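Here the chain labels run A, B and C in written order, and each chain numbers its own residues starting at 1.
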């Protein structure tokens, strides 16, 4: 198995202790199929993969390959039409209402367009990451606990926004806004991070900074990451594992180090033609 | 020249003129029809319907107007309480209108309505109904229902405000940016939290701006509520009119202007503070 | 499984509170002030809150019992239908004259293209504001006093009303135009009227047409009640029947008004949509 060998090497590469025992993957996706309308085209045509607790896994592929759909299926922002998604040992597709919300609060998500509430302050945006844990009374008065506020302050310092705490979110630059998004996701104390094109709205220099920061924080908090990214070079630099997709199929799954030029050519074959 | 000649006849000056002339004839016909309708209206309203003899000629009109300019300043102390009442009626009416327009906006916004086939049309109909009935008629209806006093005025102003506030609110809800909403859902927020953190901050400035605007208009409206028995400056206006004290009438009108100027100033600063 | 823990950093942490001294204090004071004013208003106007809620069921009850079978015969009477036609005439004339007067006024009252900022601008603003500030019913009463009962007074009142209504919208529209063409025309050496015709009007023509139609719509709504105060049209029937407590007739008249206003609104909405598409 290509990628199981990869886990161990990946852990060594990231300076983590080496696991020898068999372990259950954090996320396991089997035969996932998605089509948005019952008669429409299939976006995902049967995807299998799993993510382990040590993975920083990138999904790459040409645009329209279904990367974003794949990521959104994991927390059911998109409803899968067939297949199985097992996250933290729970069948994601079987969850209803409150169960789904309780699962979602364990998943941190960082979005392409940051998805901040522009008219709220940076602090409130970060604190909104705790909403899943906040009762109706507290959320109505925006009265978050002391602990949450301390954590938010710490995270804002960690992402370098300590001087922008009370600014409105739309007063920040793109890179700064994505840092707010990162802090919001980490507020959840996530057990897995989903990144949906976190850098494609940013310029190349800032993209590298942001990805570096995410990598650093993921290592620090020991959170596995599933990331969809269109910048192959950046993916190879930051991530330890690559899943290559093309037109709804998985074309490659393996270590970033082991990726050859012909693998890339295969993934991007459609675009070359 | 030989080559240019056919070009000129097909696309050149002559064709252009002909094309223009065709359009112009159509336009003239339209204008002539409109003028004929207007002319008939003028004939019917101003010439046939007006009793010129009763006005007493230019001198008579000038005499009446002159009486309006002999302003009765002695009335000022009697205007303070009615002016305050008018302001209060406008404010309470706007507040009640806001409260009542919340469900209407919720029903009438296509993306959040509880039922597309029942509540959506109901909400839309209520919006139109509220705006299509003049405030005087609303006031008449409420005077019949709850009797004389400030209350029917407040209710009338509120009913008339629902349409505009809820329409703008519903449009704001329909035009929100769905991305923050998605983020709050991804965090694990429940229905209420999605509304409160994802939608409300986006539409709040629009709603508050609309409320301020409506309050400004409602001052105008509540100033006439007294004409049908609902108190405030309108009642004073009505009494002065009944006593043929035209100087007092002018003073009341001036008082209305002052109130509206105050309203404009307050709403100017309030709008600045919100944005 | 990786579990993120709250790390307790040794460094002293800055504290944060939602409360900011000057801004939050001012905000709370303002909110408190508004609430106090509302409370005072309720007390001062002597409003019984239970009656507020009771008003709607009571209104429904009265409508159901006293107003219920609307007297259809009354509104199909030839005299009444004639008054409806007259209401329409008044709204057309008031709308037309109002729009015609408000375009030049709006030109004066638009800050960016006004003829002179010292004299013309305040004059235009003041004229529009005054006609806007006074409610159309007060205008009606004033004109009736001077000119006597009849449609002339109603038409003039509607005209003034339309000047205020359309003038505001027109001048807002004018202030939002692209100044490039205006500068181009000025640099060519065009006079103010030429600038208005060649650089300003083409930019706002479609919007102005839409506003003019909307103005007529609103004027028609107002025209239904000017008769109540002696301005002619169907409002006069409304006044007579309410004063004589002929509730079923009032109900019929109200239904006619609502129906006509809805028709006017639908028609003007349809026209405005078509015109917006021509843009």
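As a working rule, a contact is a pair of C-beta atoms (placed from the backbone, for glycine too) under 8 Å apart; a residue touches a chain by one contact, two chains touch by 3 or more.
Computed from a prediction, not measured in an experiment: that's the story for all the values here.
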Which chain has its C-alpha centre farthest away from the C-alpha centre of chain B? A
Highest contact count belongs to the pair B-C
If you average the CA atoms of chain B and of chain C, how many Å lie between those two points? 2
Taking each chain's centre as its mean C-alpha position, how far apart are chain A and chain B in Å? 50
If you average the CA atoms of chain A and of chain C, how many Å lie between those two points? 51
Can you name the residues of chain C that touch chain B in the complex? 37-38, 40-42, 44-48, 51-52, 54-55, 58-59, 62-63, 86, 89-90, 92-93, 96, 130, 133-135, 137-138, 141-142, 145-152, 155, 221-222, 224-225, 228-229, 232, 238, 242, 254, 257-258, 261-262, 265
How about chain A: which of its residues touch chain B in the complex? 75, 77, 98, 101-107, 109, 111, 113-120, 128-132, 134, 136, 139-140, 181, 184, 188
Complex contacts: residues of chain B adjacent to chain C: 37-38, 41-42, 44-46, 49-51, 54-55, 61, 64-65, 68, 84-85, 88-89, 91-92, 95-96, 128-129, 131-134, 136-137, 140-142, 144-146, 149-152, 154-155, 220-221, 223-224, 227, 231, 237, 241, 246, 249, 253, 256-257, 260-261
Report the residues of chain A in contact with chain C in the complex, numbered from low to high. 26, 53-54, 88, 123, 142, 147, 149-154, 162, 165-166, 186, 189-191, 221-224
List the residues on chain B that touch chain A in their complex, please. 177, 179-180, 182-190, 192-193, 196-198, 201-202, 204-205
